[in-house]
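Take a look at this one; I'll ask things after.
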Amino acid sequence: MSDMQRYHVLDRAPFNLASYLLRWESILVMLLVAVIVINTAISPYFLDIYNLSDATFNFSEKAIIALAMALLIITREIDLSVAANIAVCSLVMGLLSQMGFGTPILVFAGLAVGATAGAVNGALVTKFRLPSIVVTIGTMSLFRGIAQVVLGDQALTKYPSALTSFGQGYIWPGVPIPNSFAIFLILACIFAFVLHRTVIGRQIFAIGHNPTAARFSGIKVENTRFWLFVMTGLMAGLAAVLLTGRIGSTRPNIALGWELEIVTMVILGGISIAGGTGTILGLVLSVFILGLTIFGLSLVNIPGIEIAILIGLLLIISIAIPIMTAKWRGRT
Amino acid sequence: MNSQLPILVLSGVSKSFPGVRALHDAKLTLHSGEVTALLGENGAGKSTLVKILTGIYRPDAGEILIDGKPQHFNKPTDSWGSGIAAIHQETVMFDELSVAENIFMGHMPRKKFGLVDWSLLHSKSAELLKRIEAEFSSDTILKTLGVAQKHMVEIARALSHNARIIIMDEPTAALSGREIDDLFDIINQLKSQGCAIIFISHKFDEIFKIADRWTCLRDGEYVGEGAIKDVTQAQLVKLMVGRSIDQVFPKHNVSIGKTILEVDDLSNATEFDGASFDLRQGEILGFYGLVGAGRSELMQALFGISKAGRGTVKVNGNIVKIESPSDAITAGIAYVPEDRQVQGTFQPFGIRENITLPSIAHHAGRNVISYSSELATTRKFGARLSVKASSWEQRLNELSGGNQQKVVIAKWLATKPKILILDEPTKGIDIGSKAAVHEFIGELAGEGLAIILVSSELPEVIGMSDSIQVMHEGKFIKRFSGAEISPEAIVNAASGGAH
Amino acid sequence: MKALAKNREVLLAVIVAAIVLAVGIRAPVFLTGASLVNVITDTCFLFMLTLAQMAIILTRGIDLSLAANLALTGMAVALVSRAMPGVPLGLIILLAIVIGAALGSVNGALVAFVGIPPIVVTLGTLAIFRGLIFLLAGGEWLTSKDMSEAFLSFPHANLLGVPSLIWIAGLVIAAYWILYRQTQFGRGLYAIGGNPTAARYCGINIPRQQFIVYTIAGAVAGLCGYLWVARYGIAFVDNAQGYELTIIAACVIGGVSIAGGIGTVSGALLGALFLGVIVNALPVINVSPFWQMLISGFVILAAVIVNARSERPIGKLILASARKLERKA
Amino acid sequence: AADKVRIALVVKALGIGFFDACRDGGMEAAKELGNIDLIYTGPTKTTAEEQIAVIDSLIAQKVDAIAISANDQDALVPVCKKAMERGIKVISFDSGVGKDGRIMHLNPSNNALIGAKCVQMMAKTLKNEGEVAILSATAQATNQNIWIEEMKKEWAKPEYAKMKLVSTVYGDDQADKSYRETQGLLKANPNLKGIIAPTSVGIVAAAKAVVDAGLVGKVFVSGLGLPSEMKGAVLAGATDTFAIWNPIDLGYSAVMIAAMIQSGKADGKPGSTIHVGRMGDIKIGDDGQAAMADPFTFDKSNIEQFSKIF
């Protein structure tokens, strides 16, 4: 056409160091470095490969759920029932274990129950068009309620040793990488690849930016959301398998309050609660920042609740910094 | 007329956004009792100027004089105080609130203790509605109104300020025939009351009908002004675009091929009834009707957005079940929606990601997306529609409305459809781009694409289409073709009169 | 549409009444005046906090820190009362309101002026407030022995046979009703949630309104903080733990749209009453404690589903025949 | 300070009055022994997962001994085992860790005795007659459940035939829930005469609810509570008697035992005896458990005096 060259359009915006440095991931990297430096300074026990590896036990299960939750949050949904879901998964595993089933069946059952519970959430949200925050507040009570009705004041503690040694174990004798942490790392790579390199990932972002336009673009919005709920449930099931194995016991209050910790991980990772933005790299960095902050501070025996204050501050300040800088840059 | 002092003088106004110079040393002069048309291509800075005049943006430099006195607008209420009111390009409406609240939001009449004076609010609103001959009451909840009625509420709101300067940023973009005439009646009424009016539109027939003067912007800069009676459309277009555009509706001589789409008795409970038509390769079928005639609803049902209750759709002679847009895309149908903000664009995505989204599977071998393949497509369609941007990664919310529209069209062409449905494709885009779009539509038809063109702009429908289907209140009235096509007959049919 | 909203509220009211009656049949004692007053009194906190939360949700925000604010303020005034048993009650109440408002204004400032998403801000302050309780009291529990007689007895005092807690809740409800229905500020909240850009074009100072709304909500939470501590006679870190979600559930059951811009006072109050009746009724009819959580989860879901069904949008009425039908209905 | 012996006292959760009193006892023991660095710690929530994280950090710090009151007797076993494998001496007190996860367990008192005591106190107040309900903490609390079990055993005795257990409810150690549950009990059981709350949160809330309902003198609350928190209830008349062991002594003993075992002065093996400072000798039973002392009862006569202590 005659005016093919009417405007000159670059392929990419020219490189701009400042905006590169102000990317969320860069800020998180700086934060992570700061956390490591500070922790090393305040405790001689921090930079110890065995200690650090043990520390990962306490956040890997949550981080695994956070991966799926991140995708859900990108599509403007949320699942607050994940922790309660763990309770139901663990419950079913415990009951089956009492009946004498072996580890493979238990693992399968944990995953299946988790995915089913996720499907319940997904169906309620997508079929009835309900806001997920409310649905999952409801199913949170429902799921934990089920555990409570079945277990009452009892605990299930008879688990096959294969399961417990998996939950408490390391990938290889002598290699200080716990199974749960290794699973998290592998899953993080898979999630990052899917989200950032594949069609489905692009569609997930599109749904988060503008669900209506996504529908008009031929994306099966409700379908995708449904499967993301199932995926989140599945990850909760996986976390339940690992956690049950690790502590070898099931009570109705297992994993109590994890939902907010997981949401905190996701948000600090730069995944916007308004949908559409975020990276898995950011999430992984945030997992390390939170995990190492908590571990480092508890090494000097700062009470958990004071650490919680710090994390609250960290969350607010770290989100405020880029917003403030952007404002300030916009003004000049 | 120009002997009197101008009511508003704006001079040396500049405004930049990060990376974009929206206005540079712009100027504008208004006189009482005159309509001034503000002209410019998409992204020329018209809406930005409006937002500066209404206190929404603060200019980086420049001066605003009203009655010779300098003004500083920091927030919308400041500009109301100086007698300026505006109907913005984006709808400024609250669906859940009543008409009266919509009119007076931000300046409700109040009684003791700052409580809202509901009775005064409603009586004032009723008065305003009566003045513009609206037929709904002031306590109607807005979302129950149709588009044209909503538009009247916006006009009532502008009037509620008793403003002497009224700005209308593309007020006719969502209106058709009769409603536009109603609007012009109101404008004339305001003129006679001594108001100065800024009228922004990309439709020249309207400009020549209503405006007294014109001011033109190009790339944010002032390029000239004058009286409407002294210029021709070609001169104005040249000023706006910087070159001349010869043909607005290029009618290609295309050999029309075999029937590709057959729609039989498509109906749903509330929106359209008994839609039957067929479409051949290379054919452009226009759909005309008043706003709210149900054209978009029909097209959306065809595209799988909503469910039709009854009827069949055949593509290439085979019945297809279209239950979702992805089914439609698979069947080779593409739909450029009418509401680009809500239905068409992903604002935080860049141009590339927007354009390739519906056809993303073509760029992904085994699900993994290839960036270079995406970029090639983006360049091809972006350049062909002359999208103006700094880079292909620029976010959509940084583009002007018209350029966003081009991206939306590009993204559907990239799906390589067999049947292309265009719903108000040139709504809000400037004359130059419009010509490019029309040219392109013609070319596509030449390549054998079957096209449905839904438009509320009569010249466009008549100029582009081989035949025209008219709808009224959800029903098919008549399909005009060849010599039957005349503006009078079509408008008559669209208002339900041709039975 | 208006009729539809009314319908939903009527429906909710009928459901609440039905539950009360059903419980009454199994345990007649539930229907006695004293017992019903008790239920209302117990739900007073939820009434006030639901309205406060509604104002925030209307502006497309959310406040997860209300319960933590309540607990922190409660602890602060309890500490004051212990340190200075002689402080007059009026001053204590004023102090509670001021502390609560100050905490709320932190949320407000971060949301409105810095521009951080509300859920992030309040997730953060939720943790911070809870932590501060621990720091403030050094982990101690304050019980009735640490509080003065006047401090403790106020929520139970009767005025014209009605507990003062109900009076206070009544005042707060009335104030919120006036705010929502009778002021431009309140209508502006609906505008902000309905269409923020439009609200800005209408000259509404969105940050200012957001700030005020969070601050008022904080003040209400602070007031509830004192009342809570006085009523239950204990101040500790876990006071009202998890209550933030109950408040949000009450809003949504009452028809307040999480997407902003929609919600009525009567709806929100009914939503709160609904939950209040459920939690009070279950122990009375001897439902096994293990079943309570399951039942309340189920009931929340049921309420939300029923609610959503009545909210289904109908298509555009373009066909003349469809419009006629609609008019008849 | 480097050569000091570091002993961690891990409680169910920080911010609970009872455990703060335990800490005071622990400090006393540390001071008495001289070379002890006492780390008082615990999670924010009473869950096993959080407590495991705390233990993990103690292992990383290479503390010398841990005395823990467990949130879950089974879930803590693996991590405690890991601690012991790394040379840390682990004992449990108050609420036990399963056998494999600790060297020995110190019960505050004999469980059977506590259960019996609760029933006996109520029986005395009610003169063996009337309807009684139990208000517990969470349904998962190990010690609560053991005590309720023991109460039921005592209840089976013929002298309580006219005293009926009508209901058991759970207040989750939350003031408002406990309060509401009590209100529910009062409404659902119009003839209720007594409430036994073997939890320090529950008992306070229950007494408050009884006072607020104007049922002082008609319904009596008993159970386990701290004198400092129960003073109001006793003076108001809602509570006639209640019991508790001395948490200061409990903390003292736990730290003392941990220090003894750590220094090799005792091995903590079943059947052995440990000398526990001012508490005298404590004998470890064949199940690896020991009992510290009998529960102590409080009423109007001694509440003033003890409410100043703990």
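To keep things simple, chains are lettered A, B, C and D as they appear, and every chain counts its residues starting from 1.
Throughout what follows, a contact is a pair of C-beta atoms (placed from the backbone, for glycine too) under 8 Å apart; a residue touches a chain by one contact, two chains touch by 3 or more.
None of these values were measured; they are calculated from a predicted model.
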Original post:
Which contact partners do subunit B and subunit D have in common?
Top reply: A, C
Original post:
What whole-number Å value describes the gap between the mean CA coordinates of subunit A and subunit B?
Top reply: 43
Original post:
Centre to centre, by mean C-alpha position, how many angstrom separate subunit A and subunit D?
Top reply: 36
Subject >> Separation of mean Cα positions, subunit C and subunit A [Å, integer] >> reply: 30
Original post:
Listing for subunit C: what residues touch at least two other chains?
Top reply: 134, 139, 237, 290
Original post:
Could you say which residues in subunit A touch two or more other chains, in rising order?
Top reply: 148, 152, 303, 305, 308
Subject >> Residue numbers of subunit B (touch at least two other chains) >> reply: none
**OP:** Spell out all pairs of chains that touch, sorted by label.
**Re:** A-B, A-C, A-D, B-C, C-D
Subject >> Residue numbers on subunit C that touch subunit B, as the complex places them >> reply: 1-2, 178, 182-184, 187-188, 190-191, 194-195, 197-205, 261-262, 314-322
Subject >> List of subunit C residues in touch with subunit D within their complex >> reply: 27, 29-30, 35, 38, 42, 134, 137, 139-141, 143-145, 156, 228, 231-234, 236-241, 279-280, 282-286, 289-290
**OP:** Spell out the residues on subunit D that touch subunit C in their complex, using ranges where they run on.
**Re:** 14-17, 20, 139, 167-170, 173-176, 179-181, 183-185, 187-188, 190, 201, 204-205, 208, 212, 228-229, 231-233, 307
**OP:** Mind listing the subunit A positions that touch subunit D in their complex?
**Re:** 43, 45, 48, 51, 54-55, 57-58, 148, 152-153, 155, 157, 164, 168, 243, 246-249, 251-257, 294-295, 298-299, 301, 303-305, 308
Subject >> Contacting residues of subunit D [partner subunit A, same complex] >> reply: 14-15, 39, 41-50, 52-54, 56-57, 59-62, 72, 74-78, 138-141, 144-145
